[in-house]
């Protein structure tokens, strides 16, 4: 009996030693040896997808046991269907932050706070705006994948030909330049447009134009379109320019303008003299139309104190619920958002703004004079971003529909404030319906 | 139980065997029916009855597909009827389809079919030409029309400009977007036209002859002979047209996406372009259910659609007793 | 000659004489007017095809300009289209979807239609009313829970949610087949029964042969419906570009593949071509099928 107990004890100790050792050292051994493949869905396509893949190669070099399989052309709809259907990828990146509110509040994207704490990641490595748009009501569900800043592109040759010096800095100047730079055909239709004041075209949208007058979307959890006079100022300025060109003429010109993402882009093919666009356009111009002589600057603003700021946003990355490899996905996210070599490489390849403050000051990125402008816009403290709401971008859609009526002349000038108040009412009702508590 | 044989009656054994055989046959028949009907039984339950009930249930919940449905009572309906300002334009647009598009379709199909019956030479060729566009896949036809009616470079406006006629903005104008969709729909009227053609050919010739003998002119012949004879087909066309207008989605969605410059599955915010003029009820429903993932609210929308569809169909069928004439057979 | 005989003789000569010239001319003018109208309308119906074809042969710059005639003719566009977007894969997906769905519809709807038309059983009329109700109600009424169901089954992103329901009966096909079966006289079935055939054999041998036009029509309609279907693929396969069908791929053409109007129009024609070809090969089946829906409906 005693011999049996002794034998069992020895056996037990042996087992403990073997498995116990494996449990600890084995984990490192497993982590170092057992290869893992994780799926990473990204919204990029074509050339940009290639850039992402090179960054992923760098990640694989740093963590050789993790292979990342990337899939391009994803969007929030596909991701939601995948999460619900149980086919969610291990990590995902999206171009817009519109769905962050819905994903974060429902747990579709995991809360990253525990990982941030255990890895001791200091969030102040990112600018304040990034911290704002990667969290929903203080729950951080996303990390930034580079960022975007919006500024002003202008065709230097056209400006010089018209005898205009430098980019316009105020809205009044912008209007004047736009009128001077417009060239008409013999039949009165527009051949070259100075500036397109119509919204809901290319990058012209209320969310991008808001910072021009310093307008804000929300106040105390309620929609602030009527309450903030800057919106009305923006819309009135825009409408006066639309009326000068003639709404129908602009629509006809738009119909002839090429597709935004191809080489027939209106600005790149010389049909448009000045345009609001993001910093990525510098890469497109270099690829599609390297001979065009253009300059970049902060967008003209309504008040001189605002000059130098603009709209900023970024792509975000998260770990969907149902991810099989949460730890490896976290390593990927951390790498792509904070590793300076990766971020610099991505920034150079995609011509996006880097996400971390140290990389923002990297002289390598600041070499390109046209690109440097956007880095400064991004760092400008007055630059702003869109609020993260559970209804996503529905507030922008509702506002855009109103603006499309306004710019077509179907809303009388005196009814502007009432119209904006009505849009506020719709937005607040939608927020209430979604269950988000202000 | 044996009974004394009555003159002319069958022996009891035979009667009992026959009854047993009949019951067995009846069971076998029921088994056969069950076997034949089984696919439909399963399909109807899983893909119709269950979803219908679930839709009703979901309409009282807040459900975004990412977490379990949350009961909210009549909140969705209150939002639908009082607060969502996109619902009334959507309803108006769909009603417009029913009131403008359906009669246009019926008239056009009938008109074309009548023209074909009067053609002495080459009727087959003309019939083929009229039918071909109906074969074009919906998306292809929509894309084609959006390009053709492009306000700046489309051939239609180029020709109109040459002729000095004012050129509308077609799919980019809120007033012209729906008529543009009607034009697209009428281009594909071929299928309905063939049905009308078959019906027109079936009208007994002797009715026309006796009518003209009685002194009826062409219009009177049409009014009193043709229309009543083909009234069942007219009813069919109207019902089909109304059902289609309540489900009208693809053309509106694709046209809005392309005209506003976005790809179809990337830009749900283009739905209804321009200015909600192409925002039909099914389009808004899709937007709410599969872009905003507001599925509880969207289910409430489907409940409203259900009620409207049933009401309208019943009304049309009821009214048909007044004006539809079924030759011969009693219904 | 008596008056009657004289009248008869005159009637006979009247018959043999040609109608008066004025009447003939009027008929001729009416025929010309009819045919001119037909020609004019035909031109309007053909014009879109012509313009689409012309645009498909332009360069991109020309497609964006008001020019109507391509110069030079870019026949290479049709090759470029296949190089720019995976049209063959889309076509394969479309064929898979349409083919399997058609088979499923036939296999499941024929027995049901038979049971509803040739057999007598309690509840038959109620079931038929239910079939009609399913036909009339807009499909959006059931789309959300069905989507959730397929999501739970992890089938979203594939073509299966589109194919599977067709194996469980399709209301339109059942309706059409039932109406047609009703017109087949009972004598055929009776003769077969007398020969000792069971019900199923009757169905297989007698009915399938007699109902060939209706079956062909149902198959044709289902195939065309799947070929043209946009909402279904949009809903269930948009997240997975490998499973897109031609309809969905074409709608995405302009931005996703950074393609211009000229290639888009070429792709449009490519999408229209197979159906039109099928029509010319099977014209009679088409027309008969369409007529069946309307007249028996």
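Should a chain be cited, it is by its letter among A, B and C, assigned in written order, with residues numbered from 1 in that chain.
Keep this in mind: contacts are C-beta pairs under 8 Å (C-beta built on N, C-alpha and C of every residue); 3 or more make two chains touch, one makes a residue touch a chain.
Remember, it's a predicted structure, so these values are computed and weren't measured experimentally.
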item	value
Topology of the chain contact graph, where touching chains are joined (line, ring, star, complete, other)	complete
Pair of chains joined by more contacts [C-beta pairs], A-B or B-C	B-C
For subunit A paired with subunit C, centre-to-centre distance based on mean C-alpha positions, whole Å	44
Subunit B and subunit C: spacing of chain centres that average the CA atoms, whole Å	14
Between subunit B and subunit A, distance of the C-alpha-averaged centres to the nearest whole Å	42
Multi-partner residues of subunit B (each touching 2 or more other chains)	65, 152-153, 161, 261, 265-266, 290
Residue numbers of subunit C (touch at least two other chains)	64-65, 148, 151, 238, 254-256
In subunit A, residues with contacts to at least two other chains	77, 84, 256, 259-260
Subunit A-touching residues of subunit C, taken from the complex the two chains share	60-61, 64-65, 148, 150-152, 154-157, 238-241, 254-256, 258-260
Residues of subunit B defined as touching subunit C within the complex	29-30, 32-33, 35-37, 39-40, 42-44, 46-48, 50-52, 54-55, 58, 65, 112, 115-116, 118-122, 126, 128-133, 135-141, 143-145, 147-148, 152-153, 155, 158-159, 161, 187, 191-192, 194-196, 198-199, 202, 233, 236-237, 239, 243, 246-247, 249-250, 253-254, 257-258, 261-266, 282, 285-286, 289-290, 295, 298-299, 302, 305-306, 309-310, 313
Interface residues, subunit A side, partner subunit B - complex	75, 77, 80, 83-84, 102-103, 106-108, 187, 189, 200-202, 248, 251-256, 259-260, 321, 391-394, 396-397, 400-401, 404-405, 408, 410, 422, 426, 429-430, 433-435
Touch list for subunit C against partner subunit B, complex	31, 34-35, 37-38, 41-42, 45-46, 48-49, 51-52, 55, 63-66, 68, 107-109, 111-112, 114-115, 119, 121, 127, 130-131, 134, 136-149, 151, 165, 167-169, 174, 199-200, 224, 227-228, 230-231, 234-235, 238, 246-248, 250-256, 261, 264-265, 268-269, 271-272, 275-276, 279, 283, 286-287, 290-291, 293-295, 297
Complex contact set, residues of subunit B against subunit A	62, 64-67, 70, 75-76, 79, 83-85, 150-154, 161, 169, 172-174, 260-261, 265-266, 268-269, 272-276, 290-294, 297
